[in-house]
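Look for chain A in each of the two complexes below; its partner is chain B in the first and chain C in the second.
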Partner chain A sequence: MENADDLADRESDGLWSRVMTNPTPAARWAAVATVLLLLEFGAFAGGLLTILDAIVMGATALLDVVVGIFAPGLAQSIVDVQLAASTFIEGVRHAAESLPTLLSRDVIPNQGYQTQSGTWNGTFLGLSPAAAWALRLSLVLLYSLFAFYWLYKGWQLFRTHYRKADWTPRDDMVARLQNHSWGKFGIIVLVLFLTMSLFGSTMAPSTVDQNITSSYSHEIQYFSEESGQVETVTVGQANFNSKSKGAGDQNVGVMSYDQYDRFHPFGTLTNGRDLFTYMMGGAQITLMVAGIAIGLASLIAALLALVASYYTGVVDLSILTLADGVVSIPQLLLLILVSVVFQNHWLSSVLNGGLLLALIFGLTTWPFLWRSLRGPALQVAEEEWVDAAKSFGQRPTTTMRKHMLPYVLGYLLIYASMSVGGIIIGMASLSFLGNGLGITPPTPAWGRVISLGQPYVSTQSWHISLIPGVMIVILVTGANALGDGIRDAIDPESEGDSEEEAAAAGGGA
Partner chain B sequence: MSKPSTSPSSATDQPNETLVEVEGLKKYYGEAGRFSGPPVKAVDGVTFNIEEGETLGLVGESGSGKTTLGRTLIQLETATEGRVSFSGQDITKLSGDELKQWRKNAQIVFQDPESSLNDRMTVGELVREPLDAHDWKSPAERREKVRSLLSAVGLQEDHYFRYPHQFSGGQRQRIGIARALALEPDFLVLDEPVSALDASVQAKILNLLEDLQEEFGLTYLFIAHDLSVVRHICDRVAVMYLGKIMEIGETEELYTDAQNPYTKSLLSAIPRPDPTSERTRITLPGTPPSPRDPPEGCQFSTRCPAKIRPEQFADLNDDTWDAIEQFREVVRERTRLDVGVRDRMKRQLGVFSKFDDIEAAATELFDDVEIPPDVEKPIQTAIEHVKDGYPGRARNHLKAEFGGVCDTQRPEMHPVSESGRLSYCHRHSDEYADVDTTLERRTDGH
Partner chain C sequence: MNRFIYLLKRLLLGIPVLLFGLTVTFLVLYLGPIDPVLAILGRDANPAAARQLEIALGIRYSDGSMVPLWIQYKNFLVDMVTFNFGTSWGVARNQPVMDLIIGRLPATLWLGFWSVVIALGFGVPIGLYAGLNSNTWGDYFASFGGIVWRAMPNFWLAVMLAGVLSAGGILSGYRDFLIKTDVIGTPDELQYLFSGIDVFPGIPILEYLWIPIPNLMPMAAAFKWILPAALVLGSASMGNEVRIGRTAVLESLNSEYIDTAKAKGVSTRRIITKHVGRNAVIPLLPVIMGEFYLLIGGSVLVESVFSINGLGNLFLRAAFAADIPVLMSLTFIFIVIQILFNTTQDILYTYIDPRITLADNNE
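Right after this comes the complex of A and B.
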């Protein structure tokens, strides 16, 4: 048993001084974490700045729309500020992305050509492009899984060495999640897809810029059998000759080379672009839009659920009416409508149309989350500790945050991770429909590529539709698995499928 | 607890200042809507004082409104009518910042220590929260205060970083008490603070409460349904029934010499370890009426063993009178039942048959007793009304025929002892025979 002085120290000091009294474990952890961070600093900074850019855009857009109602002149100046901020962030992002990172395409290049003798030029250590790509891919995956593990390890260290409480109710939840294989599968799927969106350009055999968006301004070298020497061709031209069109020899299938010695792990598209590169680009925009949308929906849902259940009565009733009103609008129709109305608005150019989609999905998904949260929130609001807080004059906002939110947050995580599947599918559906809906071409979007490959499903070019479809299935399943895991971790007595979940999961278009 | 053993404090000689003054307090639920039914009258006009430093016990069966009264006193519920004065200030009118400031003076300890503590917060955070909410001094001083509170309620200081999950029921209740004491209140509402605990732990918590009262000079309102706990800890006791205080006065006096029929029947239900004890147990018939529809006269009139009979029935056989009272209770129950649209239509057409079983009930009640004709006629009329689907008419008819002063008039609070004990009963006025004589006569008759 410790004496009172120790206790007083432990209690009054911040985390920093607790670390200073026992620095070894923290220092060890921090050393590894620093190495990990430095290795990929450019990529992390780039990713963060992309998100920051989207947030700045979103926030100023909202401000712009609101101010625009009252003072159009002022709105214009907001747009100017927004433009300046965005340009600045863009600049910093490019600078950050140009920082050398260890696991980059420059360090382990996979694009080269094979001479007649069979040796490879331009690839990493003269390996074949397939081997070089596979090496780079596995290193990135290993890195990201390890980084994730290291974060978890950091929390464990904090728990054993630096946390004031020996035990918290959250520990039990984490322990239960650790024993939940289905939930762990969900976490791993999510980590993999997050890796794809953050390191996609490194994991792909080519980049979105080179292979897809500006293919005619990039050139590659290849060894021409006809002329017997190394020749140069634009990527666009090379793509043109590597199409997968199902019939005859017009197909570059899974795990194969095209005639320009480029390796295509998932084959090529109908226009000769690399499907794997396309999928990585799509992962980024998909996760970003789905993330923003579900974040927005969760925020609104949690806020309204807390307010509704704390004040009940008229407040509850009006939120209920609002939610029912929003639900009664057909989501897909609204999406199509808004996409058309905003077609030439600058908002539809942010994140290649992704921000607009995210806003619509967020603003139409929250009622489903809110409905699922309202029950638990009402239950917590009835607890005596809420009365207790009222009895000593605690502010309602603090009461909601401290005494109600922690109990609702778990449910929010469950329903959010289950609803995110609906949003991903909804986005894919829009891109599938095409005609100006969804993410603006040529930015990769999973749904569009499924639509592209649809006529070739029964031919040798089956990969075009199938692989993106399977990836969507895996991601949505993973999100649901994570939701299941969290639910079982929070409430070990809960039973399997409940109707509420189905309602929340069915929130997509 | 703080009771001087020689001269008990009392309302008449006023040795203490009055801390809380409650005047005609009413708390009704659900009367807002035009289409909603009658409101639930949880607290229906109570008046009493709490002296500084005393412990006032508040007892009553569940649903009598004692918890609501306690919660209204500390403004967890808004009073529908009446005044609650705290050191002379009417707190029912407070709002906003004034209310928040006042809340420091009055705190509550809840019944269930499982649900009154947020179990996602550490003990330290829980006890500190009231201090944080009021920006009490500096953070370091707050932590110091929490530690001293923890030891004051018999917890260890290193429990600061534990979670409520890690404690037993008794310890959790100690945490709840520490939290209630954090703002140094003058007045504590103890809402059945030990009823969720084991008997052995109950005693410890009660002793702790007594010690704390002495140490901090606290005034308690002790809500309980356990009469022996109340006798142990309270200076004065108020007995509640259906939102009304039936009797209020010095604890010992009230326990040894209860005046109100309801208090008498409650006390007679306490099991006695002495087998030779001669006291007869008074069993109350039926259940308390709904607080939505309390009796027009005395709240206790539907079950009272000492109910005043109208003059013309004074000589009626006791059994017959009991049967009549029970029949009235049966009819009263019928009025609580909702009549659906279909039955309303049937009623209009005169083919209503849902309540035909009233006849069987009446036969059973009146089978063994003699019924004089002046009793039989109104009973028959009532049965017809009920069978026609109008139990309300039957009820009014019976009340008109058999109702005495208890059915029609609310009693006054009558002083019933030297020390200023008050009792809510018509029998205390000189016109009627007093409670004891009536009850004795009846118990002899059995």
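Right after this comes the complex of A and C.
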């Protein structure tokens, strides 16, 4: 009895009480973290709520489709509930996004006009738009890199001051990853792209709303050479006169100004929109869809790998057949089929078509992950401790969760970060094909720009197709590098690539 | 277990896979919102004609009642398995799907063949080189190149390559190099690749037999034409082959049998060809076979950018035209080929690596 009490005592000795006995480091860390969070609270809340919205939509959509087969009336009421929930979240999100943030466009504005004397009006401290934009961009990047570092610092603090165990195997993995420059490159690339998707509207010279989706309801001021005074024009009209179409003087290239004194770091598109702004908007939808898809695929793959390796035999064989069946239809073809079929369904309007893409990618990517996980899962299932847990009478779910999952999780991380590249490329391919596939216009999608710039590759407007492609290559390479890094951290014995990785990384587009 | 029985078992396991693939395709196309009558007749269809069509399509009985879905499903399965593909609805109205597919096949086969050959011809040697010279600048260059090459989206690479090869591009001279060819579109020379010599003219059935004689000039022209597209289509596989080939060589170089061979005084050349090479092929095999999977998806994009009239392009146009018979037939063919490839791969394994037994190869 005494023993059990003692155990209960130790259990209740949670993280909180450990922090309370030595509060100084935690308080110091939390103070900085709070400042960091408050500075950009609006952006974080907005991002979180968008994801929440997508999850609500996704869950109810699946329910709706399943129920709809049996009872269309019931399905309608699910749609109603979903609509209400989504509208509510949308409202909160708008409120959150309108909260003032420190590094916002209003604090360091980069839109203004140059008077005849050469001074700038309306920009931050009278700097040129290029300098103001560069300043804001670097501040955002610094902020996000520091915030990321601070998160890592928090984990280190936890490890030295508050964790019960002095050492866990995970510490060695982190240490190995720290010495892995290729893996660190992957982490930095991922942090950069996450920053783009969270703070894209602050990093870009203009916002997606102002420059792309509703350009005719925004106005800018510029100094007209002809009339010699400051004039007002709608953004849409200004875009119309700043097209990049290859021939003649119709080109606003990389790092240049258009005739309205707007600065375009990546040049303009064929319709005069700002490519940099477009890319930031595209980063948001790309990472969101890829994130949801890989999350769903990982969940299914891990679950099935555990079940298959725990029960083996017929269960394993039937999952194998199921996986083979899913893989037997080429992924891109299935994506095209489903996208075409659901073109006018309401599901294709959620997240501008992104949710549907994420669902299909998730439901078709898991077999690749599962195949790669099956080996490690079978291996751990044969370990003595699993056998011991079984004979001890532990429930199968507990055994899988406590004794098998931690081992499989590392491999899942490796293969998930390697497959995410295929999803990103697949998404871009669909948007490239257009005609209702991929993300719905006018929401920015990387693939669509490449298709826009296709006729101008060998002209002076080469930037339109080249830059988005290079961004995709960097992101995909970064994700693969991260996978390599995690692999070497988890399993330093392994010598490079295996066929499982090729299977996981194979995009097919 | 005997190899023949093993082959039979593998093929039997393919049946549920095929059934699953077909069922998913059926569900997507038939339960989805595509209305066949709308797709064929357009919006202002005459009701009587629409009724006629529904009966002809097997959606409605002649007495006006709807055909239950499961009977449609059964008919669909029987049609597929007996290669009764029906006629096209939209891409080429009323033309038999079989003819359409056979007409588009040469372009895709030609493109696919060269993409595999080019990827193998460059990827494997580069990978082996990188493995044999590990941690030199050559290795770093090859490995990094492989990684980036694999990360490039096919369609983007295709756009870039087509752009620089077209008029005004940096590499536009390519088109006049040696033989004058284009790079966009389907090469006409595809029809003249082979000339046939009839073996048994006039004899029924046997008259279809002929010996193909390659025509070198059209072949060279068609090769040059398709080369950029094939290079793009093989890019992902090539990157994989470089990486995996490198690892495989490294792994077998570190094995004890290599040390033994060295101790016995076997020449380096023989060690590499006989021991390293053979063992490096084992992990490469699934990558090479997996290329087929990449080819189908990739061919849709590459054929669309280079305007090649192949199966991928046909699939895309059929999808946009809601041409269900064409979509169904193509998907069916792709699934069958996929299963055959997987089975071939497993059988090949047993030849290359005798350690892999036939019994436990359900993995």
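To be clear about the criterion, the second predicted complex is superposed on the first by the 494 of 509 C-alpha atoms of A that agree within 3 Å, B and C clash if a C-alpha of one lies under 4 Å from a C-alpha of the other, contacts with A are read in each partner's own complex, and residues count from 1 in each chain.
One rule holds in what follows: contacts are C-beta pairs under 8 Å (C-beta built on N, C-alpha and C of every residue); 3 or more make two chains touch, one makes a residue touch a chain.
Small disclaimer: the values here were computed from a predicted structure and weren't measured.
Q: Return first, second, both or neither, reflecting whether A:M173 touches chain B, chain C, both chains, or no partner chain.
A: neither
Q: Could you say whether A:Q394 touches chain B, chain C, both of them, or neither, answering first, second, both or neither?
A: Touch partner of A:Q394: chain B, not chain C.
Q: Would you check which partner chain A:L36 touches, where first means chain B only, second means chain C only, and both and neither mean what they say?
A: Neither partner.
Q: For A:N344, is the partner it touches chain B (first), chain C (second), both, or none of the two (neither)?
A: Once the two structures are laid over each other on A, A:N344 reaches chain C alone.
Q: Is A:I450 touching anything from chain B or chain C once the two structures are fitted on A? First, second, both or neither.
A: Second partner only, chain C.
Q: A:E384 in the overlay: touching chain B, chain C, both, or neither? Say first, second, both or neither.
A: The first partner, chain B, only.
Q: Which partner reaches more residues of chain A, chain B or chain C?
A: The partner with more contacted residues on chain A is C.
Q: For A:L192, is the partner it touches chain B (first), chain C (second), both, or none of the two (neither)?
A: A:L192 sits against neither chain B nor chain C.
Q: Just chain B (first), just chain C (second), both, or neither: which does A:L299 touch?
A: In the superposition, A:L299 contacts neither chain B nor chain C.
Q: With both complexes superposed on chain A, which partner does A:I336 reach: first (chain B), second (chain C), both or neither?
A: In the superposed model, A:I336 contacts chain C only, not chain B.
Q: For chain A, which residues belong to both interfaces, chain B and chain C?
A: Comparing the two interfaces on chain A, one with chain B and one with chain C, no residues are shared.
Q: Would you tell me which residues of chain B are touching chain A in their complex?
A: Touch residues, chain B against chain A: 71, 74, 76, 99-101, 103-104, 107-108, 110, 112, 115-122, 124, 129-130, 133-134, 140, 143, 157-158, 160-163, 165-166, 176, 179, 182-183.
Q: Going by the contact rule set out above, which residues of chain A touch chain C in the complex?
A: 317, 320-322, 324-334, 336-338, 340-342, 344-345, 374, 421, 425, 428-429, 432-433, 435, 447, 450-451, 453-454, 456-459, 462, 465-466, 468-469, 472-473, 476-477, 480-481, 495-499, 502-503, 505-509
Q: Can you list the chain C residues touching chain A in their complex?
A: For this pair, the touching residues of chain C are 13, 16-21, 24-25, 28-29, 32-34, 147-148, 150-157, 159-160, 162-164, 166-170, 172, 236, 240, 243-244, 246-247, 250-251, 254, 283, 286-287, 290, 293-294, 296-298, 300-301, 304-305, 315-316, 319-320, 322, 327, 330-331, 334-335, 338-339, 342, 362-363.
Q: Touching residues of chain A toward chain B in the complex: what are they?
A: Interface residues on the chain A side: 1-2, 4, 7-8, 10-12, 164-169, 383-385, 387-395, 398, 402-403, 406-407.
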